[in-house]
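You will see two complexes here that share subunit A, one where it goes with subunit B and one where it goes with subunit C.
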Partner chain A sequence: MTEIRIVNLQKEFKDLIAVRDLTITFPSGEVTCLLGPSGCGKTTLMRMIAGLEEPTRGDIYFDDLKVTNMAPSKRNIGMVFQYPVVYRGLNVFRNIELPLIEDKLPQNERKERIREVADIMGIQDDLEKDITQLDNSTRQKVAVAREVARRPKIILFDEPITNVDVDSKDQLKEALKRLTRQLKQTIVYVTHDQTEAMTLADRIALMRDGAILQRDTPRELYNHPNDVFGGWFLGNPGMSFIDLEIVEKNGSKFIEKGFFVQPVRLTGQIKDSKITLGIRPEQIKVTDQPGANSNQAKVVRKALIVGGQVLVTLSMANRVFKAKLPAAQGFPKAEIVYVEFPMNKVTLFGGDGKRANIQMSVVPNA
Partner chain B sequence: MNDRQGVPTSRTKPSWFKKAMRWYDNSKLFPTTLLIPVLVFFIVWNVVPTLWMVGLGFYNYSLITGAPEKFIGIKNFLDIAKDDTIWHNFGRTFLWVILTTGIETILGVLLGFLFWGSSKLPGRRLALTMLFTPMLLAPASTGTFFRLIYDPIFGVLNYILTLFGVTPIDFIGNRVWAFFAVMVVDIWMWTPFMILIALAALGSVPKAELEAAEIDRLPWHKRLIYIVLPYGKFILMLGVLLRTIDSFKTMDLIYLMTQGGPGNTTELIAIGLWRKAFEGFTMGWSSALALLLLFTAIAFTSVYLFVLNQNKKQSEGG
Partner chain C sequence: MGKKISQALYHALLWLIAVIFFLPVFWIILASFKTKDQLLDVPIHWFFEPTLANYVDLFQRPNIANYLLNSVLISVLAVVIAIVVAFLAAYSFSRFKPGGTDLVMFLLLSVRMVPAAASVIPIFLMYSTLGWKDTMPGMILFYAMFSIPFSLWILKGFVDGVSERFDETGLINGASRFHVVFNVILPQVRPGLIAAFIFNMVFVWNEFLFNYLIGGKHTTMVPVALVTWMFNNSGVDWTFVATMTTVYMIPPILVVYFFQKFLLAGMTFGTVRGEI
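Moving on to the complex of A and B:
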């Protein structure tokens, strides 16, 4: 069991800061996904943990051991790369065995471990095959098995699914899921694919521009992003954002009329005269019939998305936003629909794009 | 486009010249014309002499007797087959090719690996540049230099040896040493070439595979076998092929150092041929031998290309 502690880590390339003064701890025995768009520094961070990249500043610790400038071979880590790395001229069994021989394990122990990981990865029938006969996804499974069989304290995955053909992606993802549930190692998993991160992670660390914006369980991160970026990046499509005016009445601050049926009072740290309301498109309730808590909106555009769900673009009090309707509901029948924003699903953001520490309360007769 | 309608443009009907040019551009004549200079050069300097040589191989033709050339069929070839010196020369040449190419390849790969692994060491660039200088020198000057270095009386090598109490050795005048002394010079000259090839081969290895090997803690020789060679072997084979062909025709270097001596202990086939042709002026006989050499070289090349193709098939099959 090893935790990875990163302290004030910075990595600069010629004219680019890839990782910016980063301090974070990856808890031992957990799967942490580094999620972020391309170029956010997630791979660079992982490569520094592996020792394949030297930090410009800052330190990396494995428990209390400082590894900042230690050679990768001395760190006792495993790493699975984006392109399946296999050793040529050897069969699958010998491929997995190769690093075990370097660890000077006795033969029967090696055999046992290889059997075990091969079962988990579903390659038990391929053990005798030559590595060049295998397709990319099986090769990647071999690469994963090889790293796992060694039982290093830390295993790093660098987008292991990205370069596998579409059909095998789910299969490999499933195998990884099985694996991560069984392993007790500390796992850091880099991906730009949110579904992958949502499926595999105990915690997701959301990265942008070399910084970690938020680290939380997938559910928490999805429902309550700390940041407009998190709301936008996660989900398909991302959060709907609506900029609302704050109006003052009798010394209290209220959200402008038209979005909530009853007056909504804001309390807490209100700095600006505007506030951004964020809500997941699927959490917006859209109905054909007027309801007690809904307001009228106009349908601007309709589209069908995967799984039969309907994505509608709505316009309400001159604001345009997206809502997702369940497949069972189907397309809205009229141009005018009725929309309700459930207050407990709404996240408020301040002018700086960060989640605002502001509470909403319904004041019926204000 | 529309606003140009009705406005007379400068484009007029193609004249006969333009028509001809267009036809010429479109026909296959155009690329052929581009090839003509090369073809002429190739035919005049390559094909004609080769055919001439093939023809001469069936004649008895000497430049010194002054007798007219006489067709003698395959007698030249039969004479060569019966000539013990030629067979010895052949044997020596094969030994030479195998030893020099082999040692150059092994040294080249090891040094290349070392250089490539030391990419962060200061002074690496300078060391590489210096390492490549032997290759840039003309074999003639290298031969002359080394003849001086090996000289038993005022050579620097023997001077150093005497400092250690060794009696001077006439390296290139000694029947035992001469062959190896000359070989060392060839290795000195051509190992840099194989380093260059090895570096190119190493450059073709994907970075991630090497990083994975580093993380998997594979020792260097396993990295070489399982990662570097599978990727680099094509380039490496090409280097070996070039070196084999080149060392098969080694001539100038040895001629300047030993002239094939002492006795004929360093007489490679190319030197033997040169002597017969330009010291003995037996043109017919020499042409026959040259033809045999040509076939040997072609055979060598074919074997390599065959192996290379087999390798390629194997890795493509996977």
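Moving on to the complex of A and C:
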């Protein structure tokens, strides 16, 4: 069990800062997904952990061992790349065995380990096959198996699923899930695919512009992003954002009328005269009948998305936002619908795009 | 049906072209089994009683074994040195990409654009000053130098075609750079090594000018011997030329025949990249 500690790490390329003064610890025995759009520095960060890229500044520790300038071969790590690295002309068994021979393991130990990982990855029937007979997804499984069989302290995955065709993606994802559950090892997994991160991660570290914006469990990150970017990047579609005015009355601050039935008072660090309300489209309650807590909205556009869910664009007090209706409910029947924003599902963001430290409370007769 | 006919015609055309190109070679091989009179007779004797007298004469000439041995030693050693240097250089250029790689690659290739005759004088003076004329090491190094640029070009294409992820996987799995270069990358560029070997081997095998100028009696290769022996009292000794050429052709023909699939890979280098 090894934790990865990163202290003030910075990586600069010619005119680009790929990783910006980063300090973070990846706990031992957990799967951390580095998630972010292309070019956010996630792969560079991982390559520095592996020792394939030299940091401009800062340090990396595996537990208490400083590895910043250590050669990759000395770090006792495993890494799987986007491109399945397999050796042609050798069968699967030999492919997995090669590094074990280099490690000078006795033959029965090698056999034992290879059988074990082959079982987990579901390639036990392919061991005798030549690499050229396998498709990309199986090749990638072989590449994963080879790294796991060495039992390194840390395993790094750099978008291992990206190059696999759609049909086998889920299968490979499942195999990886099984593997990570069984290994209970420190794993860092780079991806730009949020469903992959959601499925595999114990924690997701959301990256943008060389910085980690938030690191949380997938559920927490999804429901309560620290940042407008996190809300927008996760989910399909991302969070709905509504810019609201703050009005003052009797020395207290309230959200403008029209969105909540009862007046909502804001307390805490209110810096601007505006605030952004963020809510997941599927958490907005949309009904055909008026309810005690709902306000009128107009349907602007309707569309059907995956799984029979209905995505509607709504207009309410001159703000436009998206809401997702469950498949069972189907399309709204009229042009006018009734909308409720459950207060416990709402996240408030300040003008800087960060989650605001502001509480909402209903004041019935204000 | 129409497709079948056009394909048959196409094949016939290919055969025709191949035969036309092979005819002079065939004439030479035939000539080596003829007497002098038969050889110069018009029209050509297609059917005649073959004689081995020319071969007996050839192998009785003084030093013929030395010349053949020189040819083999110089071309094999020179090309082996060139390939080792070129492979390591190709790996370095491909992976470490030192500043100005493109310019260096161009300069190296430009060596092959200069006509050999232009570099005769500087090389002759260099070799005279260094005292390397008519020495085996001198001759071998010269041809190695001449073979490196082209080998480097072929091999860099091949090494570029092997994903750098192979190197990185090796390094992470505990291998040294040395191990990566020779046990991971080298087996994957083997067709390139063989192609480069054959191309350069054929070049050195047939080289005349420099062997004539900076060589000498210790380093004479067959092409130079061919020219020195070619004239006798009555003009050009055609049966000798035909016989020696026939013998000299055999090694490269065998090499090319057995490695032709690699040769093809070498000619198309750089067109297909391994990475997806």
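Everything below uses one rule, namely that the second predicted complex is superposed on the first by the 366 of 366 C-alpha atoms of A that agree within 3 Å, B and C clash if a C-alpha of one lies under 4 Å from a C-alpha of the other, contacts with A are read in each partner's own complex, and residues count from 1 in each chain.
In this section, contacts are C-beta pairs under 8 Å (C-beta built on N, C-alpha and C of every residue); 3 or more make two chains touch, one makes a residue touch a chain.
In this text the structure is predicted, and so the values were computed from the model without any measurement.
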Overlay on subunit A: subunit C relative to subunit B, clash or fit: clash
Touching partner for A:163 - first (subunit B), second (subunit C), both, neither: second
First, second, both or neither for A:73, with subunit B first and subunit C second: both
Which superposed partner A:10 touches (first subunit B, second subunit C, both, neither): neither
Partner chain(s) touched by A:88 [first = subunit B, second = subunit C, both, neither]: both
Touching partner for A:124 - first (subunit B), second (subunit C), both, neither: neither
Partner chain in contact with A:28 - subunit B first, subunit C second, else both or neither: neither
First, second, both or neither for A:171, with subunit B first and subunit C second: neither
Subunit B/subunit C common contact set on subunit A: 50, 52, 71-73, 75, 77-79, 81-83, 85, 87-89, 99, 102-103, 143, 146-147, 150
In the complex, subunit C residues that touch subunit A: 163, 165-166, 168-169, 171-176, 179, 184, 187-188, 275-276
Subunit B contact footprint on subunit A (complex, rising order): 50, 52, 71-73, 75, 77-79, 81-83, 85, 87-90, 98-99, 102-103, 130-133, 143, 146-147, 150
Subunit A to subunit C touching residues, read off their complex: 50-52, 71-73, 75, 77-79, 81-83, 85, 87-89, 99, 102-103, 136, 143, 146-147, 150, 163
Residues of subunit B defined as touching subunit A within the complex: 206, 208-209, 211-219, 222, 225-227, 230, 314-315, 317-318
